[in-house]
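Below are two complexes that have subunit A in common, paired first with subunit B and then with subunit C.
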Partner chain A sequence: MALLEVDSVHIAYKRTIAVKEASFTADAGQIVGFIGADGAGKSSLFHAIAGVLHFRGEIRYKGYPYHSPKEAEPIKPYIGLMPQGLGLVLYPQLSVEEHLEFFANIRDIPRDKAFMKYKKKLLHMAGLAEFPDRLAKNLSGGMKQKLSLICTLIHKPKLLILDEPTTGVDPLSRQELWEILDQNRKEERSLTLFSTAYMGEAAKMDKIHLMDEGEIIAQGTAGELIKSARPYTYQATRCKECITFNGRTYSLKPLSAPHAEPTLESLFFINALKKGKIPPPVEVLPRETPIDIPEVVMEAKGLTKRFGDFVADDHIDMQLRRGEILGLLGANGAGKTTFIKMLLGLYPIDEGELYLLGRKIQSPKDRQELKRYIGYMSQNFALYKDLTIRENLFYFANMHQLPLNKASERIERLAKSLGFWDYMDSFPKDVPMGINQRFSLAAAILHEPVVLFLDEPTSGVDTIARAQFWQLLHKLKHIWGISILVTTHYMSEAQYCDRVVVLRRGKKIADASPKELERRFGTKDFEEVFLRLYEEQE
Partner chain B sequence: MRSFWTVMAKEFLSFLRSWGLVAVVLYSFTLDVYIAGQGIEVKPRNVRVGYVIEGGGVLPQKILSHLHAPEFQKPKWFASQKELQKAIFNKEILVGLIFGHDFEKNIDSHKGAKLDVLLDATAASQAYITLVYLQNTLLRLENIHIPLKLKIHKLFNQNADSHMFISFAEMLSVITMIGIILTAAVFVKEKEDGTWDIMLLMPVDSRLVILAKAASQIAIVMGGILICVGFVLLGVFHVPINGSFLAFMLLSLLYAFTIAGIGLFIAAASHTIMEVAQLSVLIMMPLIFLSGAWTPIYSMHPILQKLSVISPLRYYIEGSESIFFRGTGWSDLYPYFMGVSVLGILTFWYGYRKIGRLF
Partner chain C sequence: MRTSVIKAYMQKEFKDLVRTKMIYLVYLLPTMILLLFGYGIRLEVTGARTIIIDQDQSRFSKELIDKCTHSKYFNTKVLLISPNEGLHRIKQAKTDILLIIPPHFEHDLLHGQKSELAAFIDGAFPLRATTMQGYVEGVILHAAKELAQRFGLKHPLITLNHRALFNQAMRDENAIVPGLIGLIMLVAPALLSALLIVKEKEMGTIFNFYASPVKKSEFLIAKLTPVFLLHSINIFILFLWATWWFGVPFRGSFGLYWITSELYLLISLSIGLLVSIITNRQIVAVVLTLIITIIPGFLYSGMLMPISSMVGESYIEAHIFPVMYYNHIVYDTFLIGQGLESMKNILYLAILAGYGTLLLIVGSLLLKKELG
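This part shows the complex of A and B:
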């Protein structure tokens, strides 16, 4: 009998279905992964298993069945849940040591020698043994996640449920988190459920479940899954009823092109093909207003931003050239958003010089004049939730002083070419994230800017929407000739950029093209590249 | 100008689409003012009286017969003083009367009779007014004839109707509360959603955007004032308008502008709607208490009297009460207009510096 059996679990919120008939089994000593984009249903499924969410269907833990949070009460002592979000279970004003004491207290663990020994071991594993007195608010993102993890481990749970513990965490800390998990599975023989949006972590898992729109679309080991995708994966070619992305073409019907080696991402494309959900083609039409662009669009010299004692960006030099996609990469808290906000003038610059479109920025007046050349898309696609997509776009068009007939023409053109024309009269909350993403891009390029600043445009959208979005950015670059600065915490997205700058704790640690980085570290796996980059810094 | 109207239109649309907010605003300007006007009473009402008669006679019953509805409930008989005290202790009775053994005899023989009164002073004002009421009743019984008569002229409010004032004061508090929260929320909602950053990057002067956003909320508040004055103050409580209604609307507009400035100030200092709620209460309470809405300024501590100068509500209350009840003319209203405007300009200037500019 398996330790955990999940039998057609179905979770629905008011109008949306979060999880559709999910079933799987898992054994003690395994690390079982759930990979999928935000909104794929991973968190809902985890919360149902942890007994904190109502669901339909049955879950059995060691043969003990439960159908509701109330019935799950007796097994809660054996469960450890770490919810999504950096340091969400921590209390900013408590120290590392106090956290462990607190979590031991609420679990009512006796303070015997064994406990003291275990606590010491956990602190050591997490690399926190040296500063037990540091307050949680002063820990870095990676340390916070490690502390959260050992707090979850303090009562030695038999079923460990970790919801995106590595998202936004720097590569080194992620590796250390995995080491803790690996040790825990070997010594405690517990079952770990692990969700992530990073495909690269799949290799470390005993079994993987790919999730998309509330469904488990495939399960097996990484090897098995890739094997299952092989028959449908070809080298890039043109064809009907297929999807081409990043040098591979996926088709259900046999093609004459030679086969290519698939990745885990390939499975999402194949799943879309199987369901007949071929994403609508996305086009970029030529811009209406021609413009000549200087050779260097943006130049930052020693830009620095401090918040009190904390240096968010420490003397950063950067150049954005004409017609270039520059990726600004780093973990959460590395200083990416702060940097973009300094470029835009949303934060004052504490030190350093900034040139935009060949002009030195000295006063708010300079900003005022440059506004119409800059497009900006903020984190989480900031849009007005109580306006429909059409109203939103007209609002922005009005703010950009576009004449009304020209505006409506341009909005129609953009909506049709970016494939969200059918959703024009819906509210942003009612449409898929991918649509919101493209529509906020439309809002950002409505006035045909010269340079685009995109802050985490790909987080929270599914694999296919992400792939499409990157294609879109490349078309935009080619057809409009504009420069694009993109921030992301997906290291693997570095391969789509012309050049990447890597930030680590406010400092620039790399500035090179992806090719150069591949050559320097001898690997095509960017997760690996960044891990090495971070290691160099230690 | 086009951006100004676009922002205004967008804010109205957002407001009308959040029906919960519409309901709260409508409730505050109608039912809330009505309930306050009807419910908050300084007169005794339904006061529970208990009595003990140790002697006999008709006089105690005669006195008790004066305590009738709606001010008093039917007085309740108690067998002994001890029981009455217990009832007062248990909050069953507010006022206790004890007619002693020789009560009637002493009155008849003009020896100076004594009526013991027990008051539950935790309900101080009700108990105290009851006491005054009782004293008046007894005075009339005594039939003293002094060659002195009071001739009373009640100015501005002939029926001494407290409903009018309380509903009026409540409306002014509602304007303050709704004005602050609406304006602060409209900015902080954008901050929370991240749209404010995008707004700042639009090729439009952010002063214009701030003004348009504030103006939309001011318009909503002005609509609320019209509804409240029309339906509740004039319709239900028959508040007189002795001065110029136009002057009142203009003063209200200036006041709404000032309040929007305070809202902007709060928006600049907070990041989430929760913080807005907390800060609003912190700022609103002293604003209302210092204004003289519920306590006359001259009965405050001297330091608080000085502080009340910075409460825009003070000018608004004095100004609008003058217009409604005293019928003060335009030229004498000018200090109120000044006070409200100066404070408004200050708060707007600060708010703009804090949230409205690029660096």
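This part shows the complex of A and C:
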């Protein structure tokens, strides 16, 4: 009998369905992965299994069935849940040591020798043994996640549920988190459910479930899944009823092109094909206004931002050249957003010089005059959720003082070419993330800027929408000839950039083209590249 | 129920309160409200700025002026200006009262003729104006009475339609401060208990409760006990401010005041618990708690208007909110001292106990150990 059996679990919130009839089983000693975008239903499924959310269907733990949070109460001593969010379960004002004490206390664990030994071991594994007195609010993002994990492990749960524990965490901390999990799997023989948005982590899991729109679309080992995708994966070619991305073409019908080796991401494309959901093509039409930009669009010299004692950005030098996509990469808290906010003048610059479009920025007046040349898309898409997409776009057009007839013409052009014309009168919350992402981009380029700053535009968006978005950016670059600065915490997205700058704790640790990085570290796997880059810094 | 679990949660709560410095709020807020409102609400008027234009310059007029200058209710200036100039000063809000003594005032009185004094009062604030009007009338009548006695007249020389507005014995502090205790002890504990729970919901740490074997009862005790203990101290602090700083007399039994206050505290923190069940954000919890506690705490406290003089809906509403029952007992312990000899006090005490138990039961039934 399997340790955990999930039987047709269905979860709905008011109108939306979060999880559709999900079923799977998992055994002790396994690490079972759930991969999918935000809104795919991973968190809801985990919450149901952890007994904190209402669901329909049945879940059995060691044969004990439960159908509601109330019935799940008797198995809670054996469950450890680490919900999504950096350091979410931590109390900012408590120290590392106090956290472990608190978590042990609420689990009513006796303070015997074995406990003290285990606690010491956990602290050591997490690399937190040196600072037992540090308050949680003063820990870095990676340390917070490691502390959350060992707090979840303190009662030796038999069923460990980890919801995106590695998202936004720096590569080294991620590796350490995995080491803790590996050791826990071996020694405690517990079952670990693990969700992630990083495909790269799939290789470390015993079994993977791919999730999309509340459904488990495929399950098996990484090898099995890739094998199942092989018949549908070809080298890039032109054809009808297929999707081409990143050098591969996916088609359900046989093609004459030679086959290509798929990745796990391929499965999402194939799933879309099987459901007949071929994404509409996105086009970029030529710009109306002529473009005249200098060789160097943006130059930062020693840009620094401090928040009290904390240095968010420490003497950053950076150049954004004409017609270039520059990727600004780094974990949460590396200083990416702060940097973009300095470029936009949302934060005052503490030290250093900034040149935009060949002009030194000294006063708010300088910025005011440059605003019409700059497009900005903020993290989580700054949209007005009580306005429809059309109203949102008109609002942005108004802000840029576009005449009404011109605005409506441009909005229609963009909406049709970017494939969200059908959603114009919907509210942002009612449309897929990918649509929101594209219409936010439309809002940012409505005034035809010459430089575009995008803050985490792909975060939480599903694989296909992400792929389309990158295609869109490249078209924008070629057809409009504009420069684009993109921040992301997906290291694998480095391959789509012309050049990448990597930030780590406010310092620049790399500034090179992806090719140069591949050559330097001898691998095409950017996860690996960044791990090595971080290790160099230690 | 495991005491070790409750203890662990409570320890965490106290550390958090101290380290976030919220503990200051627990003790500063009640005192601040008491001091601000205690001085801020003035029903009585003292030192009304008064200008007297003495056009008579006689012995009688001087005597009348003396009466005013010697009263704490007036801050008198005798000026030689025209009546129009005096009225202009009322318009400019530079004076509150203008009193004009006409020429031949003494002469008219001595000859038994009717005389007219002109009194102008700034009526911008009606309550204040009526009070001041009462003062003026009072002073003049007093003077007239004295004069009449001196001359052995049967009928007073000056007639005035007077009402007894002369508030001499009632001190404002006595009327306001005990009522404020009822307001504060409703607002502050509700605010803290709502925040302690909603904070965990907003931060996400509530998962530690949802996903662990911690029981609902354990969680509730751990969350509400710190509020109860911390605010129990406020019962004493507020008592000291009232008696020692504001000089309000205390005529009843301290035991009754204490027990009633603890029961009332229980009601307040249950209100906070109920708010925390329906809200997920701290800011919403604060606003909601303030609205549902301050408005009834103020309006139906009996501070501004006696409940007995309320009619219709307001009378019913006053009986729905707990503040009326508490304030009745508190006013009794401070000003009257009947204590448990009064049946009404016993009844109200029982109502408070029932009220608290009911809210607490409803709150703990509604609290769910799952995502809402």
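Just so we're on the same page, the second predicted complex is superposed on the first by the 538 of 538 C-alpha atoms of A that agree within 3 Å, B and C clash if a C-alpha of one lies under 4 Å from a C-alpha of the other, contacts with A are read in each partner's own complex, and residues count from 1 in each chain.
Keep in mind that, in the parts below, contacts are C-beta pairs under 8 Å (C-beta built on N, C-alpha and C of every residue); 3 or more make two chains touch, one makes a residue touch a chain.
As the structure is a prediction and not an experimental result, all values here were calculated from the model.
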Fit or clash between subunit C and subunit B when superposed on subunit A: clash
First (subunit B), second (subunit C), both or neither touched by A:91: second
Contacts of A:385 with subunit B and subunit C, given as first, second, both or neither: first
Which of subunit B and subunit C A:482 touches, first, second, both or neither: neither
Which of subunit B and subunit C A:494 touches, first, second, both or neither: neither
Which superposed partner A:108 touches (first subunit B, second subunit C, both, neither): second
Touching partner for A:349 - first (subunit B), second (subunit C), both, neither: first
First (subunit B), second (subunit C), both or neither touched by A:433: neither
Clashing subunit B stretch [against subunit C; choices 80-88, 134-142 or 350-358]: 80-88
Set intersection of subunit A contacts, subunit C complex versus subunit B complex: none
Partner subunit A, residues of subunit B touching it in the complex: 2-3, 6-7, 10, 13-14, 17-18, 193-195, 197-205, 357-359
Residue ranges of subunit A in contact with subunit C within the complex: 47, 50-54, 69-70, 73, 76-77, 79-81, 83, 85, 88-94, 98, 101-103, 105-108, 135
Complex contact set, residues of subunit C against subunit A: 2, 4-5, 7-9, 11-12, 15-16, 19-20, 203-205, 207-208, 210-214, 368-371
Subunit B contact footprint on subunit A (complex, rising order): 341, 344-349, 364, 367-368, 371-372, 374, 376, 378-380, 382-387, 391, 395-396, 398-401, 443, 447
